[in-house]
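Let me give you the structure first, and then I'll get to my questions.
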Amino acid sequence: MADVLQQVVSGIASGGVYALLALALVLIYRSTGVVNFAQGEMAMFSTFVCWELLDRGLPYWVAFFLTLAISFVGGVLIERLVIHTVSRSQALTVVTVTIGLLILLNGAAAWIWKGEQRTLENPFPSDTFDVGGVVIAAQDLGIIGVSLAIVLVLWAFFQRTRVGLALRAAALNPASSRLHGVRVSWMLALGWGLAAVLGAVAGILVAPTQGSFDQNLMLPVLIFAFAAAVLGGLDSPIGAVVGGVVLGVVLNLVGAYIDFFADLRLPAALLLILGILLLRPNGLFGRSVVKRV
Amino acid sequence: MRVLGVLALALALSTGAASARPSADPGISASEIVIGGTVPLSGIAASYASVGRGAEAYFKYVNARGGVNRRKITYKYVDDQYNPAQTVQAVRQLVQQDRVFAIFNSLGTEHNLSVRSFLNATKVPQLFVGSGATTFGRDYKRYPYTIGFLPSYIGEGKVYARQILKTKPNAKIAVLVQNDDYGKDLLAGFKAGLGAKRKNLVAEQSYDALSTDVSSQIARLRSSRATVLLLITTPPFAIRGLVAANRLGWRPQVYVNQVGSATNIMRIISATANPRIIEGAITLISIKDPLMPRFKNDAGMKLYRTIMRQQLPRGDVNDGFHVYSMAVAYTFVEALKKAGRSPTRASLVRAVANLNLRNNPFLLPGVVVKTSSTDHFPLDQGQLQRWSKNQWNPLGKIVSAKP
Amino acid sequence: MTAFRYALRVFGFVLFVAIVVYLPFRISDFRASEFALIGIYFIAILGLNVLTGYTGVISLGHGAFMALGAYTTAILVADHGMRDLWTIPLAGLLAAAAGAAFGLPALRLSGPYLALTTFGVAVATPIVIKKFDGLTGGSGGINLFEAEGITGLPEFIVTLPGGKVLSFNDWLYYLAWTIALVLFAVAWAIHHSHFGRSLRAIRDNEIAAAASGVWLASHKTLAFSISAFYAGVAGSLLAIWAFSVQPGAFPVDRSIALLVGLAVGGLGSLAPLAAGAAFLVFLPQLAQGISKAPGVPAVIYGAVLIALMIVLPMGVGGLLRWITGPLTSRLYPRS
């Protein structure tokens, strides 16, 4: 039994990692309507920025918050300089631009930081607790805690602040928002900036769980984060966390206890997601959009 | 109408005219020999780019000192994005367009497999393949133009099995293995080496290179109550595996395969997990590691650092792939010297199968590169190392890693 | 369409064919192999266009259908001694069946959910191929080079009356482009058929299309299936072209690349998609020709792609439409 519980616990921990990046995907989808393929690489790049700042001797939390600020500016700039210029085009063009960003940022990080394995400090205590033979790490609790906190902050932001409301409005109906005095294009830039900040948090917290990182830190995570976001509902922050955790746990249990799926963890998870989507086409927590003809 | 533009573009791109077919072997003149290879320079395996750059740096160093028989070595390495279909494309380009003399130092098992038949049919040497897959050394009768370099994975697996049987004959063993040919090959060698003690291997878990972590696999392995853990993994997964084991408080005797055991990787594990989890870990090494303190004043490593400083100043001196690729490049240069004053592809292949090099400055002292008409494993020796005091320390003599 | 424009199109197509036939006489042996690859990508992108261009559904999973086609050919040729040519239609049909089987349920999903589900399929493909190694040869794949059913081995040399030597690369070129031209004509026919118009109606307004009597599910599934057929044929040709298949040849990047090729060629265009295919083959080469420093080729590739999308948001096809379209549409662009 302890073995099974251990798999569940480690699945929850992996789920927390997926959830962090999935939250950034959800934020950007909700506030700009874009599925951002470069989200993982933006997070990876921020992680390197943080590493660089620490390497130059800044204290951890100074580097942490400075990275968030830099990431915010970076996200806004990406929207202003790149996404904005194609935002009136078809969806395929925007998707292709984010793919271009993915390739570019990955290459830039490999170029600047030479593709070496780097290590990043773990902000959480490195303690582990043994609960009846099941080992729980403080780091994993920290990551789950942070993702839940982000869900609360996002909820408060979208539901309780004027800016959050304007962001949602700008994404849902740009034309009528503009008539109501919302500066739509700046709202979209804000959405990208905030998503970049969330991505930075994800990268900085995820990198230590991997022991070391290089420019490929987020490529596999992005796959699972997409799966988590789709499972939970692309527009639902809590869905991202639940989706991530369900995904993590299912992957572990299926992989560990059904021999046939030991090598097929990822395909098994995708089958599960497809099944759930057929029952709930907008994910577990997503809302369906009613279209006007 | 709109097709016209496309056609104009297609024509504009296709201006390369057919080149004349020379009578002698292509890629060689009185002043130059052109060789080529594929290396991932972009994509998920871009960290292996040093395998191309290190060899290039060594050739530049040799060229600066007059080349081989007054011939300069030009090494064209092309990005295949670690995708075997791209390797096919790149190798056709090298052979048919750039008309290289030989393919050299291409990286990856599947990638070299995808062009092996083509290169042998067109009689282009496929030299010192960057993979330990046993087939590259074993199947020389069918593919005489192909030869590997690294100790075969099967041989390496056998060495670990012998060491475990010698030191802990009854220990339960767990294995974490990558789910591809490299992993399967090494595991097969390990099982063959265990022989009658196969039942000691109590747990096997595999992972895909697209995974984010392996904590689930490690938890399963731990619950088998094994006391020995063999990691058949690339560096990132050696790190993740041991970080996960450490968190679970599992302290097995660790064996790490050569692919994942560079000193800088071990130091990362030591720093991020716990120095104790790898204290006493064992690996097989054939190539000098730039971070081994005992080679600080070694002539070979001094040469290595000089070449890095002169030819590849932006490269990371501590990256062991640079040393590896210079070891391969050194072997190529020595083979080329033996291939006669006017080498042909056939004479080079003969020379490559007739090596006996005792002084490769980049290999561990005592490791001999030896081939014959029936032995196509150039590097089939290594030395077990034991990790303590934050470095690898030799454990016993040079051993054979024949498959 | 006026008779004049119709004649112009026929003339354009004939010219296209003429140039395809003549090209190997002008280019080197290796370039023929490269242009064969462009033809293969062209087929796959044409197929993706049937789906994305006409129904608006973005698929990130067409690499999976290519893999299915490639393995169909490889297994039939290597294990069952079939001649490579006959496996090509079978590969397409199998992929089409798989496309229908996947499309029927999946097309219930809305845009981004469907796109990301297909993305998942692309990610899972190499892992599944590796798992069933008895059939697929595992990560090392299947070598077709020594199989009997392969037509164009390197020994393949035919000397034409004019003195032109046809090598195996030329054979691969003509094979790929013959099929590409046939499938191009099919795509053109689809575009101008009632079915094609219904599909575009779905893209422009799903609800309105349904209200006017278009049966969404069957149309979308059929479009998915047709596009999978194209991908399967392209995959089959890729196996013949490379004399081998491996799971590593079908990473998720492959599916993404097809989408990039479609965007560069121009969504909803036909012939300009060949430019998208050429982009996929030539840009990585150009990028590493500029610099081989780690990461720099990727920076160049990404930057060029982004710049291209900013300058030509509708791809090469959009540019050509703009050039060749009537002046009025330039002054008053329809979105």
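Which chain is which? They are A, B and C, in the order written, and residues in each are numbered from 1.
Operating definition for what follows: a contact is a pair of C-beta atoms (placed from the backbone, for glycine too) under 8 Å apart; a residue touches a chain by one contact, two chains touch by 3 or more.
Predicted model only: the values in this text are computed from it and were never measured.
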Discussion item. Of the chain pairs B-C and A-B, which one is connected by the greater count of C-beta contacts?
Written reply: B-C
Worksheet item: From the centre of chain C, which chain's CA centre is farthest?
Response: B
Discussion item. Please tell me the distance, in whole Å, between the geometric centres of chain A and chain C computed from their C-alpha atoms.
Written reply: 32
Fill in: chain A-chain B separation of Cα centroids, rounded to whole Å
35
Item to complete: For chain A, jot down the residues that touch at least 2 other chains.
Response: 107, 110, 114-115, 215, 223, 263, 266
Worksheet item: Of all the residues in chain C, which ones touch at least 2 other chains?
Response: 123, 127, 130, 293-295, 297-298, 301
Response to the item:
Expected list for chain B, residues touching two or more other chains, is 42, 46, 49, 179, 208, 210, 314
Practice prompt. Under the touch definition given earlier, write down the residues of chain C that touch chain A in their complex.
Written response: 52, 56, 58, 105-106, 108-113, 115-117, 119-121, 123-124, 127-128, 130-131, 205-208, 211, 252, 256, 259-260, 262-264, 267, 293-303, 305-306, 309-310, 313-314
Worksheet, complete the sentence: Interface with chain B, chain A side, in the complex: residues 3, 6-7, 10-11, 13-14, 17-18, 107, 110, 114-117, 119, 122, 128, 130, 135, 137, 208-212, 214-216, 219-221, 223-224, 251-252, 255-256, 262-263, 265-266
Worksheet item: In the complex of these two chains, what residues of chain A are touching chain C?
Response: 29, 35, 37, 82, 85-86, 88-93, 95-97, 99-112, 114-115, 215, 223, 226-227, 229-230, 234, 263-264, 266-267, 270, 273-274, 277-278, 281-283, 288-289, 291, 293
Worksheet item: Where on chain C is chain B touching in the complex?
Response: 8-9, 12-13, 15-16, 19, 23, 26-31, 33-35, 37, 123, 127, 130, 138-141, 143, 145-146, 153-155, 169, 238, 241-244, 246, 248-249, 251, 253-254, 269, 271-272, 274-275, 278, 282, 284, 288, 292-295, 297-298, 301, 316-317, 319-321, 323-324
Practice prompt. State the interface residues of chain B toward chain C in the complex, per the touch definition above.
Written response: 1-7, 9-11, 13-14, 16-19, 41-43, 46, 49, 52-53, 77-79, 81-85, 88-89, 92-93, 96-97, 109-111, 113-114, 116-118, 121-122, 133, 179-182, 184, 208, 210, 314
